[in-house]
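Both of the next two complexes hold subunit A, though its partner changes from subunit B to subunit C.
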Partner chain A sequence: MAGYILKRLVSAIPVLLGISIIVFLIMAMIPGDPATAILGSYATPENVEKLNRDLGLDKPLVQRYFIWLGNMLQGDFGRSFSLNRPVIDEVLERFNGTLILAGTSFVICSLLGVAAGVVSAARQYGLADKLITFVVLLGISIPSFFLGMMMILIFAVNLKWFPVSGMWPIYGARDFAALVSHLTLPALALATVATGVIARLSRSAMLEVLRQDFIRTARAKGVRERGVIWRHALRAAMVSIIPVLGIQAGFVLSGAVYIEIVFQWPGVGRMLVDAILTRDILLVQGGVVFVAACYVMFNIAVDVAQSLLDPRIKT
Partner chain B sequence: MSFLRLLARNRLALAGLIVMVCVVVLALITPLLPLADPNVTNTADRFQRPFTEGAALGTDHLGRDLLSRLLHGTRLSLAVGFAAAVIAATLGAAIGIVAGFYGGRTDNIIMRGVDMLMAFPYILLALAIVAALGPGLLNALIAVAAVNIPFFARNIRGVTVGIVHKEFVDAARLSGMSDLRIIVTEVLPNVIPVIVIAMSTTVGWMILETAGLSFLGLGSQPPVADLGSMLGEARSALITNPHTSVVPGTMILIIVMAINLLGDGVRDALDPRLKSGALNRPMPTTLVDRKGPVPQPKEGGALLSIDGLKTEFHVKDRVYKAVGGVTLSVRPGECLGLIGESGSGKSVTALSVMGLVASPPGVITGGAVHFEGQDLVGAPYAHLRKMRGDRVAYIFQDPLATLHPLYTVGDQLIEAVQSHHATPKSEARAHAIDLLKSVRIPNAEKRIDSYPHEMSGGMRQRVGIAMALANDPDVIIADEPTTALDVTVQAQILSLLDDLRRERGLAIVFITHDFGVVAQLCDRVAVMYAGRIVEEGPTDAILNAPSHPYTSRLMACVPELGGGRRELAAIPGLPPVVDRLPEGCAFADRCHKAQEACRRGEIELVDNGPSRTVRCIAPEPVTEAAQ
Partner chain C sequence: MKLTDLTRRTLMASTAALALSLGAVPATAQTPEDVLIVGQIAEPKALDPAAVTAVNDFRILMNVFDGLVRYKDGTLEVEPALATDWTINEEGTVYTFNLREGVTFHDGSPFNAEAVVFNFERMLNEDHPYHDTGPFPLAFFFSAVESVEALDDTTVEFTLNAPYAPFLSNLAYPTGLLVSPTSVETHGADVGRNPAGTGPFKFVEWRSNEAVVVEANPDHWEGAPGLEAVVFRPITDANTRTAEMLAGGIDLMVEVPPVALSEFQGDGFTVHEQAGPHVWFLILNAKEGPFADVRVRQAANYAVNKEAIVNDVLEGTAEVAAGPTPPAFAWAYNDELEPYPYDPDRARELLAEAGAEGAELTFYVTEGGSGMLDPVAMGTAIQADLEAVGFDVTIETYEWNTFLGEVNPGLEGKADMAEMAWMTNDPDTLPFLALRTEAWPDQGGFNSGYYSNPEVDELLEAARVETDQAERARLYREMQTIVQEDAPWVFVANWKQNAVTNDRVDGFSLQPSFFLLLDDVTKD
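Let's look at the complex of A and B:
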């Protein structure tokens, strides 16, 4: 198993390099002169030239990439000019918030989505199936930012069950209960679409598996229907559900940007949007590379989970 | 066109289509409608509620008419979403076709790049692109299109790879057509349906994503607004004036939902598996819709007796009569062979006993299955479940598919025991090891922790037998358990089954198409054809002197070892399709002795010598010598 993990980690290196190249190239597409973009159109030519030199922009593209990459590998993502602090400090601090939000949402959508899919498949064409199918359709069609706004309106403003926004109360203790009450609405809003997608895929994966011969064997053995569904069918269906969970994790992680804006949640997504609007290129660059790298690592974890679940995968 | 008809049959997809057509028509005629200018501000009339005079949906924070802004915004959102979909589909398909068509190094490099792009969380990449290009609706469109290109490229490449190796492409190559021409005339027409499906399932996403970027303030810039930026602008007034948020938000919901419904409909209509209803999951027991009375067992003393059993498959409006009134019985310790060609209904007969015929589409429509005098057809699920594996156990063909691939054989054996007897795990495990030993699996203590894929076919079949023996059943129904095995292993398994029968007094129903197996193992044999028993009797008697023409023709098909270069007689023709059974004898069309009377009326199973029956009006004579 350790060997397999190592192998997957090594295979991630070219992907990570590719990601850094893509981000670098996208940022290099910026029309016009980045220094002018940063300093504004009233900047003096001397200042523009100085900044270009400071940012290393006077060097050829390839050389610039390797300087950037080398610095990143040493933990130096550059300095955010709008916040006047190292990019990595800001990203790490903000990523914490995103991780709490997206992590919770991911747990919710995985559990709820798979459960809904299993129940739906087991009761195909029954009332539960129709109800779940309808809710799922609604869930995958509603924009998460609109859903979030409606949740604020209903559950925070009208019913006053949860706070309107933020991660912590402005006054009062920053304890677990406070976090949970602040987290509930945004986590649910963020999980909704992914829950729907996972439920749909789980349903069809289950239907596919339930037709297999080994399910008939389980029934012929006299296994109770609950065992047939949850132990036999779901276990086999998980093999095709887990990769979907991995993909949805990406949607949850990056979809957090909308929810962070709607709920004023201090996370990477909101930081990125602010950075884009203030043209803080280094902050965008650093944030995107960091989150994408984390996602690659997460996908390795998904692969490892898959290999633990399926003994047929050679480790 | 059948595709459109299928789509129309799906009511939800039709609803989606109608909504979508309305929205698109509304968006197209928006400039012609008598609406207020969407961008004229009138702060005196700000935040008017819906249904007020002169503003049907109210006004926003700058006093602009919401209805007018909504329709113009919808127009913009749809245009941008569709444009992004078309761009992504075109470029993605082009990349995918090139990669799939040329293969090799080109394919490798392109797909690596695509994999890299797909390694990004989707929205993050769009944000990076917008960050580089700067906020703006056109840039948001480019970003959304760009992040969707890999999805199309990968899908289309897969389809192209499948097409490139087809004969018609080879033929085009040999005829000297240029690559470009082959792509345009041979490949493209075949991938277009896939492109359409992929587009129909993603255009909703793209509308949502561009709306999202606009919502973040990175898409359309004021005063022009698409649905997303309307929602974004309304956010600050969410609590005081929710209607300004609800109006555009609901519109996005309606559009995306209609597209999703339509996309699902398109996919379902194009997916052939759904047409045949194959994606139905089988229920825990076979459906029973018994017409007519419950027959009583013909003879006493039988442990298991099947009486006039009828099992049908109802697919759409067709009825396949897989089992058309079968009567069979086994006594304790007896082995009954059930023989016939593929599709003759022998497996369905066997599965009907414990209600294991997949349903839908299977339905038991008549007859009875008595076990120890008690009818099992239509018995409650809980009762059947208790009998399954405990009193009546099955051994299936092809144990690679019939054993669960992700559990060790030990776990599967232990489960078989624990499903019927509350046994501690350690005890059940010891029992499982004993079972593996009893089916002569060497090194059972170690083998118990193997997964099915780690075993050979013969070993897996032994596991299947061990599982059937787990609860010491009274009857074992073995459905071609040796068909997938080579001859030596087959002989071992057969002698194993025979020993077990003698040791434990098991009754065995052995389904096969192999007369050799029947001769070796079975006391009696029943021959099935097109869902009915055509001949039944003691094995020796039937093998020595078959009296139904089908039996004798079937036996003539068996090559005999050392029998010289005898010509093997294949039976001419094919078995009848069981949804259109001919009147009279189903074998008449293939029978050399067929007469006029064979095709008229019901032909009964009649006595034909001591404990023999045959369903034929002109059976071969049974001589005394053959008895």
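Let's look at the complex of A and C:
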């Protein structure tokens, strides 16, 4: 197992290098430079040139890439010029916000999605299945940012059950209860689509398994239906559900961008959007590489979990 | 049946958990008295006046810092602030300021002539030990400054390399706000997160992506402000900002989207409006193609239904522009100018005279950007108006920074017209940078449509060095008449900035400068 993990880790290196090159090139090639973005109306060629020099952007492309890569390997992600603070401080702080939001959403959509899928499969074509299918399709069809806005309008503006936006109250204790009240709406809005997808795929994975011989055997030897479904069938179905969860984790992470904007959540997605608009090159590059690294690590973890469940996968 | 039992139980458990989380938390607490919560449009970049360029940052800075001079309440005219008075030599090249005595920065260090010198040296002198705390993108506002000297503790003298009339209003701009030298020495490049000025509010804390908190400065030279504290919250999404305002999470909201204004019509809210030094226009390519003919440029001005754009597209959040200078510069504005009326027949006549019926136009439109209002909808309306009189208009849309990269180098060989908007602090800035012959893009200016009229050039050069305000105003008025006739642009709109306060807030008004001044505001 240790060898397998090591092998996967080593294979992640070229992936991350490739990502660093791609994001660097994209930032270098998109029209508009940071100086123009900062100066706005006042971006005369003269002012732009001077500011780019001050920002260290007048060096050749290749040289700039290797300076950036070299610094990053030593843990120095550079300084965000638009926020005037170290990139890594901002990214870590924001990633913490995203992790809380996306993590909660991921837990919600995994539990609800798998549970709904299992119930659907167990009662195929029954009332529960039809009801769940209906709700799930509705959930998949609603864009999350629209759902988020509607939730704000209903539960925050009209009913005043939850705050509209932010992660912490401006005044008052910054305790767990405050976090939960701020987290509930965005986490649910973000979880909706992924819940639907996971429910659909769990349902078909379960149906597949329920048709197999060992289930019939289990039933024949008198295992109770509850045990058949949750212990025998689900465990076998998990092998195909887990990769789906891994992919959905990526969707939740990227879907967080919209939700963070709608709910003014201090996360890394909103940070990246702002950074792209202001052409904050180092912040975009550092943020993307960091998020990509986390995503790669998460996928390795998923693969490891899958191989633990199904020893045949270990190669 | 066991299975349904289980799901029902799970369902009940999760419902209970949710209800618990609902009940346990008082959702939206009432915001405290005497603390104003302001909904800003974005996280500030830095709280260092020399280092920032965005109106969003200026809204905080103007309450924490003072400059030598400032704009008089409700106008764009300069009045004393940290300088009590000043003299200008006859050539208009030496400005001597007498400073207010007994003022201290929030960090306790004294405000004096040396502090003023430090601020400008830091920005302008590349050898200054703290020049590396920049970059200072708007330092060129003071590029005419040759030297700054402290004559004694309370007298400071600026020597300019040539007469430069906008100097005083540039000093009133946030770039001219004065920072405590001690705070720069202590914090270096991080001074933007640890600001110390002399203003009515003192910086308390900056919680990243959450809030900037400032509290009253009881020792301010004008007396303590009416509020105990102000919290600036960045809420980038306009719909979310509106929802926070409706829910009572913020007391003051700036830049209300036009479509949301109707939400605030009832009791409980006050909508504030103020025209500012903003003009929204179309740059016309006067060098080549159909717009090289002045009649075609005038035809475009007649063809566009400006009233419909400001009333229907912008929901009344702007007024029709008459010429290149916004009316907010009251002292320099030519009241006699009437906007080009909406007259499609006249436009068709002019087109026929010029033989330009059916002329094909490429029109650059941006998706959004500073001061651009609702550029896509406005561009589409303009396209329809122009097509109605016989133009054939193709729109090309670009993201803002890309758009600037296309437009600023000039439209030649690419497009016939482009949207543009400017907000400035002096009537000199926009025409000087965007209408003079020497401001063509190849010479480093913003005259992307290659307009050229020697008479206008002369007027602008003369106004820039004229220190007598009445004479300066006369020159600008004359310039506006000529430019309107020459129609290098289609003059479309002057934006009215808006804000909403709830009924707990008193004493608030917007300024034509677009700054947010909170020292007279109270909240119960």
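In the analysis below, the second predicted complex is superposed on the first by the 281 of 315 C-alpha atoms of A that agree within 3 Å, B and C clash if a C-alpha of one lies under 4 Å from a C-alpha of the other, contacts with A are read in each partner's own complex, and residues count from 1 in each chain.
Please note the rule applied: a residue touches a chain if its C-beta (ideal position, glycine included) is under 8 Å from a C-beta of that chain, and two chains touch if they have at least 3 such contacts.
As the structure is a prediction and not an experimental result, all values here were calculated from the model.
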**Message:** Per the contact definition in the header, classify A:Y171: touching subunit B only (first), subunit C only (second), both, or neither.
**Reply:** second
**Request:** Answer with first, second, both or neither: which of subunit B and subunit C does A:V262 touch in the superposed model?
**Result:** both
**Item:** Partner chain(s) touched by A:Y42 [first = subunit B, second = subunit C, both, neither]
**Value:** second
**Prompt:** Between subunit B (first) and subunit C (second), which does A:V296 come into contact with in this model arrangement: first, second, both, or neither?
**Reply:** first
**Request:** Report for A:D54: first if it touches subunit B alone, second if subunit C alone, otherwise both or neither.
**Result:** second
**Request:** Scan A:E225 for contacts with subunit B and subunit C and give back first, second, both or neither.
**Result:** both
**Message:** Per the contact definition in the header, classify A:M149: touching subunit B only (first), subunit C only (second), both, or neither.
**Reply:** both
**Request:** Go through the superposed model and pick first if A:V157 touches only subunit B, second if only subunit C, both, or neither.
**Result:** both
**Request:** Name the contact category of A:R94: first (subunit B only), second (subunit C only), both, or neither.
**Result:** second
**Item:** Those residues of subunit A which subunit B touches in one complex and subunit C touches in the other
**Value:** 30-31, 122, 149, 152-153, 157, 164, 224-225, 261-262, 277, 279
**Message:** Could you list, by residue number, the parts of subunit A that touch subunit B in their complex?
**Reply:** 14-15, 18-19, 21-23, 26-27, 29-31, 121-122, 124, 137-138, 140-143, 145-146, 149-150, 152-153, 157, 164, 204, 206-208, 210-225, 227-228, 231-232, 235-236, 239, 250-251, 253-255, 257-258, 261-262, 272-273, 275-277, 279, 281, 284-285, 288, 291-292, 295-296, 299, 309-312
**Request:** Quick one: which bits of subunit B touch subunit A in the complex? Just the residue numbers, please.
**Result:** 112-113, 115-117, 119-125, 127-135, 204, 208, 211-212, 215-218, 231, 235, 238-239, 242, 245-246, 249, 252-253, 256-257, 260-261, 278-282, 284, 351, 354, 356, 358, 381, 385-390, 393-394, 396, 398, 401-407, 415-416, 419-420, 451, 453, 467, 470-471
**Item:** Sites on subunit A touched by subunit C in the complex
**Value:** 30-33, 35-47, 51, 54-55, 81-85, 90, 93-94, 97, 115, 119, 122-123, 128, 149, 152-153, 156-157, 160-172, 177-178, 180-181, 184, 224-226, 229, 261-264, 266, 270-271, 274, 277, 279
**Prompt:** Which residues of subunit C touch subunit A in the complex?
**Reply:** 2-4, 6-7, 10, 18, 21-22, 24-25, 27-29, 31-32, 35, 37, 42-43, 45-46, 48, 51, 53, 134-135, 137-138, 140, 189-190, 192-193, 208-211, 231, 233-237, 239-240, 243-244, 246-247, 249, 369-371, 399-402, 404-406, 408-409, 422-424, 433, 441, 444-446
